[in-house]
Every structure is written in structure tokens, then in C-alpha cells.
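One structure follows; several queries about it will come next.
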Amino acid sequence: MSTPSDSNGAAQAEAQQERLEEVMRAVEALIFAADEPVTPAQLGAVWADVAGEAPLPDAQIETAVDRLNDRYATDGRAFRIHRWAGGYRMATTEEVAPYLKVLFQRDRRRRLSRSLLETLAILAYRQPATKPEVDFVRGVDSDYALRKLCEIGLADVVGRSEAVGRPLLFGTTPRVLDAFGLDALSDLPNLREVEGLLNEPAYDQERARLLMLNGLGDPGEGGADAGDPADPEDHA
Amino acid sequence: MYRIQIQDFEGPLDLLLFFIRRDEIDVHDIPIAHIADEFLGYVRVMEQIDLDGVADFIYMAALLISIKVRMLLPRPEVDDEGEPLDPRRELVERLLEYMRYKEAAQGLAAYHEQRGDLFTRGAASAVHPDAAWEREPEEILNASLFNLIGALRRVLTEADADEPHHAVAAVEYDVATQRAFVLDRLGREGPLTFVALARHRHKGFVIATFLAVLELARQGAVHLARTPDASDFIVAPAEPPASAPGRVNGHVNGTTAS
Amino acid sequence: MSTPSDSNGAAQAEAQQERLEEVMRAVEALIFAADEPVTPAQLGAVWADVAGEAPLPDAQIETAVDRLNDRYATDGRAFRIHRWAGGYRMATTEEVAPYLKVLFQRDRRRRLSRSLLETLAILAYRQPATKPEVDFVRGVDSDYALRKLCEIGLADVVGRSEAVGRPLLFGTTPRVLDAFGLDALSDLPNLREVEGLLNEPAYDQERARLLMLNGLGDPGEGGADAGDPADPEDHA
């Protein structure tokens, strides 16, 4: 026989468990049905509206999402909930990517060219930035790249600089976060310090790789050139 | 077939970085005269084939030359405090800054790649707007643009030597005709090196053929691959005829692509 | 001790079970990510392509789908796979419908239709503007769009024109700046900048000029224009 207080505690625990299950169901359904990341605020507000309670605190939503992901993993589900762009979004796991690539024929999809990636990197780290600033860092005219980024919704005009001529300021859009699987731009690693870059083993590797391609510059005499980088003129 | 995937150069800073890395140059002590000469060589070829973005390269070439000249001044320039100024300093700072963003761009590419393996609901609908996303021409080219330019430069230099300028006849070559010419020769002879395609020809012929090859490569009608010694590149039909399995006809100094 | 045939049978059963699990994972992922019903033929063909086998027979796909639905029910998932329009599609269960209704109601206002955006753009560049002016630039009746914009609070009546019939003048509200993240209307790209950003053959210069009669064409003087209540006809 259980004492009254025992059964009371058990009943309470059961009620709590039931509530968590219901939160999980609501959160799962909302994240499943949305076609963009759903913010904790949105989820909490919807819950409040339907349950007639105060909005769910973010921590409870996070717990529900964590539990859902645990279950997906245990049950072998082919998707997980990710935290992207400040919200939650469901996406398939890496293991099933081969099937999806075949169905959607997207093996070559959504590759961004280097010029777009470079321009986007500059915007992401320095925003807001003007076109002249981007041009200067890249050493090339970035007209096309900026236009293309705006066109595909990864960049946007965010204002005007106070500098001479009042050039437009560009920045990245929230879509960047979703497209790159980031929760916030601050999740990007810091720009590396120059000294670190120069001492990087990968740098040496690339150097070795490039050395193999030696002679590319001037097929006729490339080998000799490369081996003798010193030029007396320079030290005059 | 011997293939190597190397990246294109995004601009003059990228090309400079390439030279610096290739020659193991200390970034803080760049042999400007040497680099400026090599850089100019490329710019001249780019000008001839009228590549997009050549203006940025010309600007950089001018900058390199001005630095070279300043370094030859008998008395070094000094700053406000009388300290000697290195004319290369500003360029070096730009190069280093560019390196940082170049690395950041590679980081972004990795994130993008990873994210690309995760499919959200309704991902199928994203197939259509994909047209707005970039198709990378580099995916089709197995040799870099500078690879190609290197080969072009070699042929052009030869052509120059063979044909004094005053003898240049006003013969027009156009890309469409050269496309047909390239496809015809590849169809009959199988994979050929670019030098074999264009050797001893008029400069206009060489350039039009080069542009035709670029266009065919972009359309996937031919594959390009580097020769092992990197001094030339191989043009192969997208579906090589059975009669020429992987054999390269041309003067490649005994190297065969396998 | 098990006889060889026993363990053989067990191994076979295990292999079969593993295969079924993989089929389930593939089927689940494909149905999840598609935005329209996926036919058994499509699913079978994708499997064949990735696994390098013969296409999956429909019966096996049906088994996999049934098993998935069983698991969803047991595990309390908020969605099921339905057979619709000759294919399979995932949809949320009826129990969670109330949450979704609330989410989509809240969400709806966040997206502006094309016609609203067009009308808003005209107002932003050419304000104050009368309805006939907006109609003229768009080439269609903008009654609904103007009313809707006022309703959402992005546009408002700002006065009456001196023209015949004294039509109402519309303008944008400060909420527009908020919604587009701009400090001032003069931060909007001007004609030349828009041209640069769009760079498409479909871009109609005449229309654009009509739009920007207010003189936003020059960034140097941009600041004065937006707030300038002068009648656009003055500049015509």
C-alpha cells in the first residue's frame, strides 16, 4: 500500500511527465510544419495561446527539443531538430543524404562560387560594409558578386554610409544562418590572426601542393624562377 | 587521365598570393621586381584574350611597378619621424588582410557543404529557384584558368617568334568556326594537347581557338586536364571515341595521359 | 548450442531486419523532405540508384511505411505518413492541429504579397502619392493593396492632393523603416543604385524614372527628398 503522500508525489510526477509530453508534441508539430526556423518565442506564444497559460519559458522548449532529438536517435529517425538562425528547424541526417541527392538531383546544387563566398565572408565579418570596402579587400570589382548575393537573398542593403558619396551599406541576411547551418553569426570562428595563418601547417601543405604545380607561371623557365626567389634589385 | 583540381584565381591579390606561396617567399620581404615581371606577363596574355576583370589586374600591375620604382630610389623614403618607409608595406598589409578573408571564405564553404547534406521539409521545392544559385564553371574545368593562360602564352610566344609583326595578315578568326575546328579534330584524332591544336598558327587563330576550347569546356562538350609537366593542357572530347582510348595525340614530350 | 542451420537462419533474419531498417530510413527521409507526394516508383528507383540493386517492389515500400507509422504511433510522434494522390506524404496528426492554426495565423501577416510590396515600393520612393498615381505606375488598380497596407500599418493617408477631386495622398509610416532595417527613407537605393543592383534586361528604365521623379536619383541630395512633402508634379 502506498501512503497518500507517496501517491500524491507520483501523481504529480505523472502530471508533469504528461505535460512535458504535450509540450514535446506541440513543439515537434510546429517545427515540423514550419518552412523556416521557428523561434522559441514563437513556440512559447503559440503554446500560451492554445493552452491558455503563460508563454513557455525558453528552457522548457529547449528541454523538449533535446528530448525529441534523444528519441529520434534511439528510434532511428532519419531527421533531427537543429538550432539555426535563432530558431529550431528539422532536417534529415547526413546518413540519408545520398538518397535525397538522387531524388532531388541536387548533387551540384547550391554551390557558391569562390567570388561569392569571399564577398560573403567580408560582409559577414565586417558588416555593414560598402562596395568600395569590399572591392579594396578583394582587390577586384565586386559589383557582380554583391548583386548576386542580394539576388539569392544572402545579402541586402542595410543603409547608407556617412562617407563621401554616401555609398550603400551591405550586410548579410538571416538566410545566411539557415543556409550555412549557424544559430548566429557569432558562431563563426574569429578571423584568424595573420601570424597564425602564416605558421599554419595547412599553409605549408598548400605550399607543398603548389610547389608540385611549379612551372605553371612560365612553362619555359618556370623551374628555375621558382627556385631563385631572391632578386638583387629588390634589396637595392 | 591525369587530372588535378586547382582553384581559379579570384583576382590580382589571389594571384600574388599564389606566387608568394609557390616560391616560398617571405611575405614581409617580397622580391617585387621579380614578382612584378611575372605578374605583367600574365596581364599581357589576359589583355590579349580580353578576359573579364582584366582591369583589376592592370591596376595591380601598375601598383607593383610603382613599388618597384620606389624601391630603386637612391634615397629611401622616410615617414614623419624620419624612419625609413618600406614601399611594399601597404601592399603586404593588404595581402595579409586578404589572406584572412580568403580563409574565412573557405570556412564558410565548409559550413555550406555540411549544411547541404541536411535536407529540410519541402526541400524539393528549392530545386527550381536553384537556377539563381551559382553554377561553378570551375567544376567543369579540371585545370585552372591560369593553367590555360600559361599554355596560351607559350603558344603565342612561339607564334610571335615565327611570325614577325609586320607580316600579320588581316585574317579574321571567330570562335564559332574554331569550335567546329576543335570538335572536328578531336573527333578524328581523340584527345589533343592545346599546343598541338594551335601550334604554328596565326595569333588570331590561337586566341579564337583558346576561347572556343574554354566555351566547349564550360558547356561540358570537352574535358580539360593538365599535362603532368603543367606546361600545356589536354583537350579531350566529353565522350572519347573508342578508337582513341586515353591516348593523347600531340607533342607532349613523351608524356601520355593515363 | 545452436546447430549451424539455426545460426544461419538467425543471421539471415538479422540481415533482413537490417535491410528493412535501412529501407525505412530511406523512405522516411525521402517522404519527409519532398514537398509533394512521392510515388512508390520514385522511392523504389532512388533505392535502386543508391543501393545498386533492382528497384524496391511496392510491397516492400508499403511494409516500410506501415512500420514507420506503427512506430510513430507508439513513440507519440506528431505526424503520420499518408497515402495521397498516388504517393506518400507526411502530415501532422489531428491532435496538434490547434497549435498549427495559431502558428499560421500569427505568421500570415509577416509576408507581404508581391502586389503589396510593389505598392509599398512606389509609395516609399514617390510619396506622397495618390491612388491614381500608384495605379498609373503599376498599371493595375491598387485599391486593395493600398487599403491593405494602411491596415497593416505600413502606409497611411498623409493629406489631400490639390488635383481635381482632391484625391487622398498616401505615404509610408515609420514602421516601414523598422521592417526594412533602414534609418531613413533616404537610405533606400536611388535610381542609379537600383539599376546597378538589378542589372537585368527586364528592368524598365521608364517605369523606374516614373517612380523616382522625386529626385532620389542623386545620392548627394538624397537626404532632402524623402521628407520633402512637395507634390511630385512639381518635378515632372
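Worth a mention:
Order of writing sets the labels: A, B and C. Residues in every chain begin at 1.
The criterion applied here is as follows: a contact is a pair of C-beta atoms (placed from the backbone, for glycine too) under 8 Å apart; a residue touches a chain by one contact, two chains touch by 3 or more.
Just so we're clear, the structure is a prediction, and the values are computed from it rather than from any experiment.
Nearest to the common centre of all protein CA atoms is the CA centroid of chain A.
Between the interfaces A-B and B-C, more contacting C-beta pairs are found at A-B.
Rounded to a whole number, the gap between the C-alpha centres of chain A and chain C is 20 angstrom.
Per-chain Cα centroids separate chain A from chain B by 31 Å. Note: centroid distance chain B to chain C, computed from Cα atoms, is 40 Å. Residue positions 32, 90, 92-93, 100, 103-104 of chain A are each in touch with at least two other chains. Among all residues of chain B, those that touch two or more other chains are 119-124. Of all the residues in chain C, the ones that touch chain B in their complex are 29, 32-36, 90. Chain C contributes residues 21, 24-26, 28-30, 32-34, 38, 42, 46-47, 49-50, 71, 75-79, 90, 92-93, 95-96, 98-100, 102-103, 106-107, 181-183, 186-189, 193, 196-199, 219-220, 222 to its touches with chain A in the complex. On the chain A side of its complex with chain B, the touching residues are 32, 35, 82, 89-94, 97, 100, 103-106, 108-118, 120-122, 124-125, 136-141, 148, 151-152, 179-182, 188-189, 191-192, 194, 197-198, 203, 206-207, 210-211, 213-220, 222, 225-226, 229-231, 233-234, 236.
The part of chain B that touches chain C in the complex is made up of residues 119-125.
Remark: chain B residues 4, 6-8, 10-14, 18-19, 21-25, 27, 30-34, 38, 41-42, 53, 55-56, 60, 68, 71-72, 94, 96-109, 111-112, 114-124, 127, 130, 132-136, 138-139, 146-147, 150-151, 153-154, 157, 229-232 touch chain A in the complex.
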